[in-house]
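In the part that follows, the structures are each spelled out as structure tokens.
What follows is subunit A paired twice: with subunit B in the first complex and subunit C in the second.
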Partner chain A sequence: MINNKSYALILPLLAMLLPATAFSIDDSAHEKKGLAIAIETDRRDAGFGDSSASLEMILRNRHGETSERLLRNKTLEVTNDGDKVIIIFDTPRDVKGTAFLSFTHKLEPDDQWLYLPALKRVKRIASRNKAGPFMGSEFAYEDISSQEVEKYSYRYIKDETFDGRDHFIIERDPVDPRSGYKRQRVWIDKAEYRIWKIDFYDRKDSLLKTLSYDDYNQYLKKFWRANIMEMINHQTGKSTRLNWTDFSFKNGFSEKEFTKSALKKSR
Partner chain B sequence: MNNKNNNSFAHRYSQWVVRWRWPIVILTLALAIGAGSGVKNLGFNTDYRVFFSEDNPQMQAFEALQRTYTKVDNILFTLAPRDDADVFTPSTLAAVEQVTEQAWLLPFALRVDSISNFQHTVAEGDDLIVEDLVFDALNLDQAALDNIKAVALSEPALHKRLVANEGGTTGINVTFQLPGKAMDEVPIAAAAARALAAEIEANYPIDVHLVGMMMMNNSFMESSQNDMASLVPIMYLVIIIITFFLVRSFSATIGTLIIIVMSVITAMGIAGWLGVKLTPPSASAPTIIMTLVVADSIHILATLLALMRNGTEKRAAIAESLRINLSPVFLTSITTAIGFLSLNFSDSPPFHDLGNITAIGVMAAFVYSVTFLPAFLAIMPLKVSQRPDRMTLAMDRLASVVVKRRKSILWSSVIVSLIILSFIPRIELNDDFVAYFDTSTDYRQDVDFTTANLTGIYQLQYSLPTHSSNGISDPEFLAELDAFSQWLRSQPEVMHVNTISDTFKRLNKNLHGDDNAWYRLPESRALAAQYLLLYELSLPYGLDLNNQLNVDKSSTQVIATLDNMTSKQLRDIALRGEQWLAENTRNSRAIGVGPGIMFAYISERNITSMLGGTFAAVILISFIIMFALRSFKIGMLSLIPNLLPAGLAFGIWGLMVGQVNMAVSMVAGMSLGIVVDDTVHFLSKYLRARREKGMDAEAAVRHAFSSVGVAIVMTSVILVAGFMVLAQSTFGLNSQMALLTGIAIVMAIIADLLLLPALLMRLDTKKLTIKTKKQAIIKNATQGDNA
Partner chain C sequence: MINRLLILSLALLPLGALHSAEWSSKASIEARHFFNDALNPQQHDGNLSITVESEFYHDWDDDSQRIVFTPFARIDQHDSERSHLDLREFYWRKTFNNTDLYLGIRKIFWGVTESLHLVDIINQSDTIENLDGEDKLGQPMVSLSHSTDLGDWSLYILPWFRERTFAGIEGRLRPPFVVDQDNAQFESNDKEKHIDSALRWSHVIGDWDVGLSYFHGTDRTPQLIPQMNNGVTTLLPYYAQLNQLGLDAQYTYESWLWKLESVSRHHDNRLSPNLNRSKAAVGGFEYTWYGLFDSATDIGLVMEYQYDSREANQALIANNDIAIGSRLTFNDVQDTTLLALVASDLDQRERFISLEGARRLGDDMSVNIEARFFSNTTPQTQLFALRNDDYLELLLTRYF
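Moving on, here comes the complex of A and B:
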């Protein structure tokens, strides 16, 4: 039975619910701000045309055992879709000359080919491996493939200052259900819109990995590239470090170099 | 009754206890509550590795392997369709897909392997298709289902591991990586897995069984909890009934019960303060303590009631009983504690906890029995029934029989003992960790079902080194690896072998247009390495190769899944594998490891380590007896009825059962501490009669019978009842330990009442002059009679 006294009790409870409504208004504002930050980040890196770099990949397990490999990377910027990428393997010796071609896409699965010199054949890999590990490392394909705005939905979380920089913290949820992640938390500096850190949360929303960027350099007075990327898997204790060198832009790469038939000649 | 010791410590102490009864009751209760508050710190250990010491070599080898490859902490979901002949129906495969999908979301899940997410590779022109074997099962046509069946039943990575021989059941294996931060990680993961299993059973006509190391760890905890929840109440009931039957007094029964509760919570509380985490063995400590406490109280109560029956006033009787029993109860408590402390020599840490907790409980029981119990009884009303003491009369008759037929008793005892002892070699040590769990437990039933219908529980792991970076691509090594895998498959005990050499063969075939002629190892090192790179690049989330290869690709792990077998067979197959590698490879030496192997060696290790512990306990206890009885000869003689019972228990076990687990190694030390009490009581009465009353051996035996015979039988009945309750444990280490100890106690009472007097009358024939020594220990020990 509800009498006046009960109302007196219920009213404050109702009042407590009001801020929750206010939150949902807030949510939409945060989503807009998050998206705006992502678009600005993307805009600032647009127009690089093509790039190449050398890469040292160091895999390390919980107990410090390591394994190293050397790769070279060529990227061709594609407007309105994901970039085209060639990766050439220099070491280990057994896989020297093996070349990997990938057409990354915004939402559909990427197209991938691998040239096997020992077999002298190019094989197309038809796989749902987007969330899979890249060469046994702690990086998944989706972590290293080109970051398109459309791949996520965003929300702004808060600001944070560290290492003398002001950052936005945004969270992004992968749109693709095949993604290995439920969400990612990204630290982007306010001055140059460079990503400094990403926390990856797995499908059960526990912290899986942290990717840290370091030693950023600017190229062509516009494009920032980090020389060091370190991915730590918190669940297995394994980590992978990428040491980038020899960044080079505007190499004049053409579409023809990024084809299945050209892959055999990649050296 | 005795006025010579009015000024002795025991006498003054007894008077003091009765005078300060109220403060004593309050203080001891406060003490028990204070110590007992540590109970809140007690948690359950949920890792089977706790059964192994840090320096256990099998454990070290296993841990080294687990550091290199993905851990094998897993839950295997066994899905058994209720009606269909096999699992290759849209509905069952949909269930497999659902479990596979949702298992990724289980807490701490790292990896999920099933027939649905098995990465099936096929060639299509120059394309290598790498995809889930089952996708969108509900919309598959019969041709697709037939294809899936054909692939699953012929794929060596799946057949008899994740799909049954004929396809009747299928498994989904979930690998976990526990952060190791909280004590409840295992139960959280197990509860989530059970919820998922229940959801599948509710929505599909499928039975789900959960096995794997995580479920076993969880069962360790559940077994402890069930034992505590079911055995402890039974124990209380048994104690109430027996105590009341023996003492026929409401107050005395209540007093005994309170002492039991105080002793148990004191011991468990101190264990909590010391940070002990409970395991099934240490969780049995309360039951054992309860049993031992009653034995203490019974001695004091029996004397007290006998005094009152003979007309002594209550408080005087309390003081007198306490005075008489102070030393014997202290003595027997010390020897019992020493027996349990000998468990610290075990190679298996949970038994250290059991020994220490019980020793603490026994000493706490001594303290409460000589403080709280008399003080409490001094406060409570106490009445005795005036009934004829039939039991004492029966003892007198037994004494006459023993005296009359001493020769035949002696010789038949020797012959029967030798016959029983001759069965000890029939004991076969077997630590099948699955069999630790009673067939009434869910875990055991699920394991039995899975073993009968899908795959084995025991895994044998070999890490084959190549001694060079990326060396696993070396064709010579691959040939050796393949030969080893084939050899393992040809062994009768082996159900399944997981090896990377199969993957190389399959890829070689795929990259040659799926031509079966190419189902063989790649010929060159570069080819093998590039196949592996191609395969690695195509694997989806979570399904990396780290469960088979190390980071540097310089070593690979071969996992053999074995049929149910004994420890001996397990050690045998592991050694055969090691030997094969030594004889047939250039330098790929490896030892076979795994949880099963760790348990297969645990008995031997514990027996070796417990030999030292038991020996130390024998020496110490014998020394205490000699000191207390002030006789080297009688002390040596006492070794026979003290050590023989454990030996006879093993012999009877060898005759009736045969297989025994590592609990056997604990029984000798533990039972020694318990059975020695009866010997001490009997011998002290015997010696008193010989020394002070100048009786010959025959008369002294009669005297001992009539003064302590009843008390010995009473305490033995309680002890046997207590250990029989513990023998009902669903956990095999506890039940076998309790059963063996129970048998040893029965043997002890037979030895004490038949063999010991016969031996005394045969060997102790020297005439003794009447001595009048009045040293406290022996004096009091010899006066613990109610005659």
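Moving on, here comes the complex of A and C:
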């Protein structure tokens, strides 16, 4: 914490001391390289068509007490826009059968609907709530939303090797002013362009959370998915672990399975 | 009838032979305390009640066929009318390409607003469950839903009418006279066997969610007619025939939800002929501030205006009312929420106040607390009959 704060103070001072021209040329080259890495990461995951998976979320508070949620999701890849996603909640039991439909967009706000099984009612909901927690977890809505190149501006920071892999470190700044983050620092391996770690900095530029990815598997000889994602909140001591199972690709999903009327029928 | 259906359907289910099937259940205990003495000496100041609802579903034929079975039962300490059984759902669905065929008992919701549900008409309200009108009786039907690029079309044929539920002589939250539910009157000679029908079109157009609906059949809301019988006054429910055109629309923009529901009603032969044509609307907005003071808490504000061209001489007509509500969502692990709502009659100044809190306990229990107050009532106002029925409710639910 202390390190981060002093770092944040020193950085603007350093910038003022450096000659303006030299700084901006260096800056622009790093921006180009950062963007190129983001585009390549996106390109390598393009063309998956559709996918489905099951998810166990384990919420842990600072005393180590845990609470569990089971969800399933279906994703339909939409070229030139964000993906369409359905999430179905199986536990906690009081929200069992609740289902969430989102048409994610690159820059426009997402279109979202929520199905409430007790009332058999589908509600269109506001999607401005990017920074809010998803199901009481340490994941914000924007963390689980479709990742699109256009959602951030980028800069390359440096290379780093750990766990026997070479990584690029890039930083990305959310374009949307409603994001809960000032910046994110992302570790991407050079061999396969998989994300291994993200540091999230809050609006005051203090380190807020760290997301670690583990146990990657490759599907259809192309698409990498991590079975384990662990988000640690450094400011509250809480954490959330996601255990993914049953990844399935090319299920033949179509647009009509991602509509308001389909949401009412989901199980 | 419902009793027989329940037993029959239980006997028909070959439970052992099914796969990809699922049972889930919930049981609850409800305690109510009324703050004031009852108007009628046969009513009680406290009440306990238990409910059980189970749901069974099974998908087969590559998920193109589904059966759903949802029985519900309440046992009430004092009110024999509130002790009741219902089949909330018991239907079979078959999907053909873009069309769904449904046969059986279902629950359908239409509409967008929060304080009043004008357009929603397929199911009868199970009003003895809760005043909010969100509990519904299962409605037998044959229905077809068809999806096109220009919206979804649904056709409903409703061959059996369900009468509204009312509190019995020992129950609170009722008119001063008991509703005689065994002698309901109908405009149609077919009585509850009148075949009702409805058609609905709904569509999403960008930020707009819109629906248009038409209903032809027995009005779900009865007129209550005082009747003297052996020196005892009772209220006879009279169900007229109704043609209703409904519109519902929601515009979603950033943190704003703008909502409107409107109906145009034509009764062939209501008991007061000057009321045969009427219009009603409810509209307003919902706005949410996210992440209050850098916390995870959201606060929402709902404001809706309710209009009805009929005078407020019938029970609970919101003819010139405003409802203002606020919802606090803590976004915590237990999903804690608080909801406050005030509905005021702008002409007569009477008020309905509702406070609700809900929270999950552990993984498979939840607790709800609800308090409701009827204030500024006078003998001329609609809520006068409920003037002594302010109550506090504690509801514990266990999920299985």
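Here is the rule we use: the second predicted complex is superposed on the first by the 245 of 267 C-alpha atoms of A that agree within 3 Å, B and C clash if a C-alpha of one lies under 4 Å from a C-alpha of the other, contacts with A are read in each partner's own complex, and residues count from 1 in each chain.
Please note the rule applied: contacts are C-beta pairs under 8 Å (C-beta built on N, C-alpha and C of every residue); 3 or more make two chains touch, one makes a residue touch a chain.
Predicted model, so just to flag it, every value in this text is computed and none were measured.
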> Overlaying on subunit A: subunit B and subunit C, fit or clash?
Replying inline: clash
>> On the A-aligned overlay, A:Thr98 touches which partner chain: subunit B = first, subunit C = second, or both, or neither?
In response: first
>> Under the stated touch criterion, which partner chain does A:Ser67 make contact with: subunit B (first), subunit C (second), both, or neither?
In response: both
>> For the overlaid complexes, name the partner, subunit B or subunit C, with more touching residues on subunit A.
In response: B
>> I'd like to know which partner A:Arg128 touches here: subunit B for first, subunit C for second, both or neither.
In response: both
> When the two structures are overlaid on chain A, which partner does A:Gly47 contact: first (subunit B), second (subunit C), both, or neither?
Replying inline: neither
> Of the partners subunit B and subunit C, which touch A:Lys256 in the superposed model: first, second, both, neither?
Replying inline: second
>> I'd like to know which partner A:Leu114 touches here: subunit B for first, subunit C for second, both or neither.
In response: first
>> After the superposition on A, what does A:Leu59 contact: first (subunit B), second (subunit C), both or neither?
In response: both
> Which stretch of subunit C would you flag for clashing with subunit B, going by 169-177, 295-303 or 313-321?
Replying inline: 295-303
>> Let me check the overlay on chain A: which residues of subunit A are in contact with subunit B and also with subunit C?
In response: 59, 61, 67, 92-95, 119, 121, 123-126, 128-129, 131-133, 136, 180
> Touching subunit A in the complex: which residues of subunit C?
Replying inline: 24, 26, 57, 59, 66, 93, 98, 100, 107-109, 112, 134, 145, 147, 152, 202, 204, 207, 209, 250, 252, 254-257, 288, 290-291, 296, 298, 331-335, 360, 363-364, 366, 397, 399-400
> Okay, in this complex, where on subunit A does subunit B touch?
Replying inline: 59-63, 65-67, 89, 92-95, 98, 100, 112, 114, 116-119, 121-136, 140, 180, 202-204, 206, 235-236, 238
> Given the complex with subunit C, which residues does subunit A contribute to the contact?
Replying inline: 59, 61, 67-68, 91-96, 109, 111, 119-121, 123-126, 128-129, 131-133, 136, 180, 256, 259-261, 265, 267
> Once bound in the complex, which stretches of subunit B touch subunit A?
Replying inline: 67-68, 70, 104-110, 124, 126-132, 177, 179, 469-470, 473, 511, 524-531, 533-534, 536-546, 550-553
